[in-house]
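The two complexes that follow have chain A in common; it is paired with chain B in the first and with chain C in the second.
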Partner chain A sequence: MQLNIEFMKRAFIASLGAVPITLELTFITMVVSSVLGFLLALKKMDKKKNRFVDAYISFVRGTPIVLQILFFYSLLPTTLNYVLNVVLGLGIKVFDIDPIIYAITVFCLNTTAILTEVFRSALSSIGYGQMEAALSVGMTNWQAMRWIIIPQGLISALPNICTTTVNVLKSTSLAYMMTVQDVMAVAKKEASYGYNYIEAYLVVLFIYIILCVVIQLIFREAEIIAAEYKRGRAVTQKTFSRRWSYVKVKKYT
Partner chain B sequence: MRPLHPSYILVAFVKIFPFITVTLATMAGTVFIGGFIGLLLASAKLSKNKVLAAISDTYVYVVRCIPSIVLLFIIYYGIPEFLQSFGISINDSSKWFFVITTFSILFSASMAEVMRSAYESVDKGQREAALASGMTEFQAFRRIVAPQAIAVALPNFANSLVKLMKEGSLSYTIGMVDVMGKGQLLIGLNQGSYGLETYIALALIYWILTLLIEKVIGEIEIRLSRGKRKVALGG
Partner chain C sequence: MLKLKNIHKSFGNNEILKGVDLEVKKGDIIVILGPSGSGKTTLLRSINFLEKADQGTMDFGDIHTSLAKASKKDIYNVRKRIGYVFQNYNLFANKTALENVTEGLIIAHKYPKEKARVKALNALRQVGLEDRADFYPSQLSGGQQQRVGIARAIVSEPEVVLFDEPTSALDPELVGEVLNVMKKLARAGITMIVVTHEMSFAESAANEVIFMDEGVVVEKGTPKEIFSHPKDPRTEQFLRRIINVDYQYAI
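Moving on, here comes the complex of A and B:
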């Protein structure tokens, strides 16, 4: 087997141009789903059972993401068109919407459910004693949440948020099914000229591994900083400089 | 907008249902091979040999970064050509080979982590106490460490299994006719109509399978950790 190195270089450069799309998809999904997931997790912390939320989480966790993509991508545009143009008569060109919007919607629906579970388990990992202690010193329920439970919960959620981010990044490789021009789609397009599919997929593989490693390194830094914070030390410039002393440039010394 | 035909959901459900066996069979093959590789990886991770541990760590780290569809395509397009250069032709081999190879690679990485964390969760004193009371190394593992480790590993194993099943649905992209593949074929046969109904039927099947896996493994876990709880309550 002879790999076409010349083509791989070309495909690598072309695919690098699509990395921002992949990262944008991941980033927006994570931000939106974090907010929604956090709110849902707070709602789930109440003793009252919410059947709708439970069913939604169970459904998303029980079905493949590729199925969710196919399902919503065949459902969303026509439904939107019907609601906006036939019922409301707004005359919006639904079929001209950038497919990335649909992709973000689908990934958000998926990730929100996963992050809800992440936040819920993180928040409930903070013992009842903490809440009771906070209430006993005169904090209100909300103050106790805001100053005691949530900061600790977020720190213990960090490793799981990292896993979720990596998983979202990996599942964005399916966005090509919604005609989003991400890394996978661009590499495929490059390959289709000369049928160099193996090379193209190897390039995609390489790019995804780099992206995942970078994300995991960023989260590891965040965890180290969070651990300092948890130990009760003030997070100062010192924390950073101690970690990054080996990359210090001469002009600072 | 086209109205939804709820009755077709049932039709699609009945048509797709027999293909659950294909999905389950691929899963069984993957669990067997991937589990075996995972076992090797986990023992390499736990071994005193630094080189082996590093190789195993790197493997797990890298494999967890790979999107399954990319690996599936690389295996599907790459392996036949790679073997062709040695004069071996596997172009006629069935899709099972590619699917099971791909998902074994992915599954072994998560299994390695599951097994390692389960083994480490059992207190070292347990093994030492077993050895001190005259058991051999194998007896200590078989009678003392393994039963406890398996109980710890089961929830994570269930998670990996569900993940495997969900990612396994991607095998339709290379033409494998499992649950998902049959659904796509049905949509094709209907010239693209009844797409939504078919997807709903597929979602129901996957959802039911997931709940079943979680339920069954949950039951086994309760059974296995029975002794443990008694000690905790009694002490």
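Moving on, here comes the complex of A and C:
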């Protein structure tokens, strides 16, 4: 067996053209889900139990994403069509909507649930002593959250947000099931002309690795800069000593 | 100035405070002693509403309220007028020493930033840490952290400062620097209620010592009265135990 290098070059260039779609899917999903997930996490921090949020999170965590995609991609257009055109009679061509909208909706539904748990665990990892200290200097509950708990919580959520982002990026490869022309879909299409699937998959593999590595590097830098206040801690300093010195050089020269 | 009556507090079926009264006059240095589990810390926390007492009343300047049903406004007002020093410092981990001190002024007391800074630097000077203003808590020693905690508690010029075992989380050699700061504040006339096991501090700085056991005030008086002539056998027993420990350290 021999790899068709000529094809791989072609496929690589074609797939690169679809990288913006993959990034767009990831970026919009992460932004929307972060906002929603954060609000739901705050809601979950309340002592009152919220059955709806719990049920939603269980549903997302308890079903495979492929199933979620197939389910919503079948359900959403038909339901929308029914509501908008049959009930409301608006005459909107639901089936002409860009499939990327459906893809974003499904990924947001999925990611919001995951980020809710990420934010909740990060916020509750901030010791209650911080809250009490803030209250003791006269802050209200909300001021204490806003100025003391949330800023620390967001920083400790960063590693998990990074993991989630990478996971979302990888899940977007399933968007081809909704006919979205992302990296995966384009590569598959290229391959189908001459059955060069192995080569196509190699190319896609390479592109995803590059994208994921870049994302992780960005988050790592962000973490180091954001967690400046942890610099004095012996353990952290040991683990990141090389990078700390980098930050110091950058800051003080 | 601060008068608390008949404080009761239970956690589940465990009654921690069984009707404690406390009266504080301006300039008082009150030291509360007692074995662990006697309710000293719960008492302090109830004063500041970090713990909601089940029963009891508070008269604090112009604030007259029940402890169990205090309004939010009263609670915030009381907290703004009472400083609190925690056993394990509880400095805001994401703020520098200076920001730790200014944060309450800016956010709760609505001070303009520059004015808060000046005031905070002044407070840090009082605890001898002006040169550590830009350090994060993780870069400070335990004793330094606790002194920042004290600066944070006194910066808004509260009428009373509560100290909850301020030295018990510290290495023995760091206890001195914190106690010295506290003695300095005592001499400056700041009203303090201190829960501590530091007998030397009680003897030299306090003008009233309260001995608590099992949720009630067993005995109170001047340090001399309590240490030299304890009336209650429980006080005597407790003091003997503590002083024995001190003796062992001396060896």
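Going forward, the second predicted complex is superposed on the first by the 228 of 253 C-alpha atoms of A that agree within 3 Å, B and C clash if a C-alpha of one lies under 4 Å from a C-alpha of the other, contacts with A are read in each partner's own complex, and residues count from 1 in each chain.
Quick note on the criterion: contacts are C-beta pairs under 8 Å (C-beta built on N, C-alpha and C of every residue); 3 or more make two chains touch, one makes a residue touch a chain.
Remember, predicted model here, so these are calculated numbers, not experimental data.
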| item | value |
| --- | --- |
| Touching partner for A:15 - first (chain B), second (chain C), both, neither | neither |
| Touching partner for A:197 - first (chain B), second (chain C), both, neither | first |
| First, second, both or neither for A:140, with chain B first and chain C second | second |
| Superposition-derived comparison: chain B or chain C, residues of chain A touched | B |
| Partner chain in contact with A:34 - chain B first, chain C second, else both or neither | neither |
| Which of chain B and chain C A:64 touches, first, second, both or neither | first |
| Partner chain(s) touched by A:164 [first = chain B, second = chain C, both, neither] | neither |
| Sites on chain C touched by chain A in the complex | 48, 50, 72, 76, 79-80, 83-84, 86, 88, 90-96, 103-104, 107-109, 135-140, 152-153, 156 |
| Chain A - residues contacting chain B, complex | 1, 58-59, 61-68, 70-71, 74-75, 78-79, 81-82, 86, 166, 170-171, 173-174, 184, 197-198, 201-202, 204-205, 208-209, 211-213 |
| Chain A-touching residues of chain B, taken from the complex the two chains share | 1-2, 61-62, 64-71, 73-74, 77-78, 81-82, 84-85, 162, 165-167, 169-170, 180, 195-196, 199-200, 202-203, 206-207, 209-211 |
| Partner chain C, residues of chain A touching it in the complex | 127, 129-130, 132-140, 143, 147-148, 151-152, 155, 228-233 |
